[in-house]
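Multiple structures are listed underneath, in structure tokens.
What follows is a pair of complexes built around chain A, which joins chain B in one and chain C in the other.
Then we have the complex of A and B:
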């Protein structure tokens, strides 16, 4: 049968060219693969969920209680054999995809893999992280329980805060002023069709560019095979490793998803008039934390009657500035040669220090999300956020200098 | 970053344990000490467990890669050291896989006909099956698949 296909499609030629492709070997590459496998799991479990979910907030009766059809259909999914576990796997995979993509981004940052010629893939990776977060967020509203309705209304409010076009953008995404009858069908279409298609396209581009440009290799490869790609062929070695990783990923997620139902809608209940305000999911708590520590009545007037309010500044402007800095980062490197090998973080104390300071910033702004529970004032939290970020930078910078010495002139010149 | 060593995977596992402990002590354990039965995880706990899971998978996979592929690659073909005991291990793991698959099928049938089964039990069962499959592949690759290492021209025509 193989020969039949081979005569028509020249499969052996394809195999020789593509399946022997060399893949560099380093454990840090697995982090990006974890994000990829989380996405594949999301698609597979998502297909199961779409078969049983009803994207509507029309009222139906469940055990004599009036609830939305969306909420009732998620209760139905939870009642199916293994249904609750699969829905939980979907939820955990969304979280893991974002976390893995973020750690992958940090790995690329500390190893200098964003430099020439891989700037394009750095931009694509940043876009991928943003779209993954937005896709995950749109999934929140779908069960239409108390938690998701309030969390989504916060997102709607953030969207409307964008000067000039915010109202327009939010109404396109949510089919009018959230929640309307059109909100759930509109967000559903975005969550199960358009955003996954966009994610697939960006992921495809990311991997295509990676295959073309190759990984930055571990440093020892410089001695073993200078100027060449030292690695194992896609088939069978790399395929074995990737399959083991996928199985291990699924095993861990099934363990966790079975033990902890991440979004138990039976506990949250349907939305009511007295539903309390909730915190967003973990990957947006740092934004919520910034909103907690800037004055709520902050308003900066703009031309033509528009204003930048605190919601816009905290949740769009500050993350936007960080994103812009990330986009501009590769341009700080002015090398004319091709970057072939991973750089050691210990030879770049400034860059490593800034990366850890960024982490300290994200962790402390996340903590600020618990401002009321911690009983701290906005001023105290600002002091903690800025102080810990600065202190982290200094500690990491001087620790590297102390333990590994000052970098050479050549290394010190590169960011 | 210098070679495929086991240092970072070790710290990956260490972080995983630390994050898991933080998630556990953040609410669950304290609530139980106070006599409450917490019904759901907080956003912070979900975040901690998520990062813990990523570090755990990375750490374990890092060790697997270190064991199967070594610290440094050397171009050429390196034959696998076929082992009788590895063959026996694979057969035992396959028997275990069939048994676990049988229990899983029975669990789903019971769930459909008699009523809900604990999600924790069902999730663990699926996890054991997947772990068993991963273990079979790992042992097979280590003892029965020759390691081919290539030094490819960086201007290869793949994909263009």
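Then we have the complex of A and C:
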């Protein structure tokens, strides 16, 4: 049988080249894989959800109560055997995918792996993270409960704040002034078809580029076999490790999702004219925090009567500047030689310090999401955010210098 | 083949492709424009107009007409939709028609606010000018409107001006008058209700 296929498709040539491909081994290299496993889980649980979900907000009667068809179908999903758990796994996997992708990004950042020749994969990875967050946000509205309708209408408002084209973009994405009868079908199509297709395409590119350019090597490889690619073959060792990790991932996520059911829609109920006090999922709370403490009268005028208002600045411009800084990074932080081995964070105190400062910024702006509960003013929170970011940078920078010494010139490269 | 004809051939191929792509892109503008849904209007989506009464928007009394006695003094405010008394249509089809009715002590109202108020009762758009949430909460200690989403505070005694939080402008007021025991609409919103974005947000409830 194998020979029959081999004669026609030259499988052995492919096997020799591809299945023997050496995969570098380091514990931090599995984080990106976890993001991939989460994506696969999202697709599989998503298929189950699409088979039972009804993308419409036309009113139907459930037990004598008028609710939207979308809401009713989610109640139906929850009533199926294991349905509630599968929906919860879908929600949890979205969180895990974004978390894993972000930690993967931090790993690449502190080990300098974005440098020549891997800039392209750094850009693709950034795009992946952004599209993953946008995709999960489009999933918010689908159960159409009070929480999801509120969160999505805030997203609609943020979209319209884009100067010149905001109104158009928001209305095209959300099917008019959210919520209309067109909203859910449209967001549904984006969530289950277009964004997953885009994600698959850029995920495939991310991995093809990685295979083509070869992974960075862990530092032990320099000692074991200097100048050569060190790793285990894709088949069977790497595939075996990945399979075990995937099964482990499934076991853990099913346990968490079963024990902590995500987004129980009965708690929020169908949307009403009133708005519940909601916070977005954890990965957007930092934006939510910034939106609460940014002065409302802050605006940057643009030509032709348009302005960048505080909503745009807080929720699009600030994250956009962080993204732009990430895009520029491989051009600013370069090295003369081709990157082969991971760089040590302790030999790059500036970069490591900035990474920790970024984390401090994200954590403290997330904290600002609890502004009312904390009873702090916007000014105090800004002081905490900027102060702790700066302090974190200085502490990390001097701690590295103190414990590991000043990096030598050849170690440091640029920073 | 001479070099000259070769470059001419390239130029022609290039121009053909360029013109084709250009016209193709231009012809896409119409379908892209129709991606934006049509705004469907019905009696339910019409803005409030003079003479409209108010009905409860939520709760057990939803749909019932509101009298001054239904409004608790000094809050919390009541969420309401306008209703055309002639046709009996409740205008709940448009989000920006949702308003807050609040009864206050008449002596506490600012001079500007008194023009829009009737019997100490004020009426404001309930849609937050920040990102379009319903300003449905009542800060009982400060006696201010509170938006639950990003904690914007509005002072109903001073034209719903922003006391704290991120909203860019006050909530537009809806002038009301008294018709018997009921508050009725006495004119349109003093400024556009809801989220005004991407354009300059000048004006507020006190400027018109």
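The rule we apply is simple: the second predicted complex is superposed on the first by the 410 of 415 C-alpha atoms of A that agree within 3 Å, B and C clash if a C-alpha of one lies under 4 Å from a C-alpha of the other, contacts with A are read in each partner's own complex, and residues count from 1 in each chain.
The criterion applied here is as follows: a residue touches a chain if its C-beta (ideal position, glycine included) is under 8 Å from a C-beta of that chain, and two chains touch if they have at least 3 such contacts.
Because the structure is predicted, anything quoted here is derived from the model rather than measured.
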Worksheet item: Superposed on chain A, are chain B and chain C clashing or fitting side by side?
Response: fit
Worksheet item: Counting only touches as set out at the top, which of chain B and chain C does A:262 meet: first, second, both, neither?
Response: first
Item to complete: Applying the touch criterion given at the start, work out whether A:405 contacts chain B, chain C, both or neither, answering first, second, both or neither.
Response: neither
Worksheet item: First (chain B), second (chain C), both or neither: which does A:161 touch?
Response: second
Discussion item. A:175 in the overlay: touching chain B, chain C, both, or neither? Say first, second, both or neither.
Written reply: second
Discussion item. Quick check for you: in the superposed arrangement, does A:387 touch first (chain B), second (chain C), both or neither?
Written reply: neither
Item to complete: Examine A:34 and indicate which partner it touches, taking first as chain B and second as chain C; both and neither are also allowed.
Response: first
Fill in: chain B versus chain C as contact partner of A:204, first or second or both or neither
neither
Item to complete: Pick out the closest CA atoms of chain B and chain C after fitting on chain A and give their distance in Å.
Response: 14
Response to the item:
Listed in rising order, the residues of chain B that touch chain A in the complex are 1-4, 8-9, 39-41, 43-44, 46-51, 53-54, 56-58, 60-62, 64-66, 68-69, 72-75, 108, 111-112, 116-117, 119-124, 126-128, 130-131, 133-134, 137-138, 141, 145, 147-154, 156-160
Discussion item. Can you tell me which positions in chain C touch chain A when the two form their complex?
Written reply: 35-40, 57-58, 79, 81, 92, 95, 98, 126, 130-134, 136-137, 147-152, 162, 165-169, 195, 197-201
Discussion item. Which residues of chain A touch chain B once you look at their complex with the stated criterion?
Written reply: 17-18, 20-22, 25-28, 30-31, 34, 79, 81-82, 84-85, 88, 92, 95-96, 98-100, 103, 111, 208, 211-212, 214, 218-221, 224-225, 227-233, 236-237, 240-241, 243-245, 247-262, 264, 267-268, 279-283, 285, 340, 342-345, 366, 370
Worksheet entry | Residues of chain A defined as touching chain C within the complex | 150, 153-154, 156-158, 160-168, 171-172, 175-177, 180, 182, 272-278, 288, 291-297, 299, 301, 305-307, 309-312, 314, 371-372
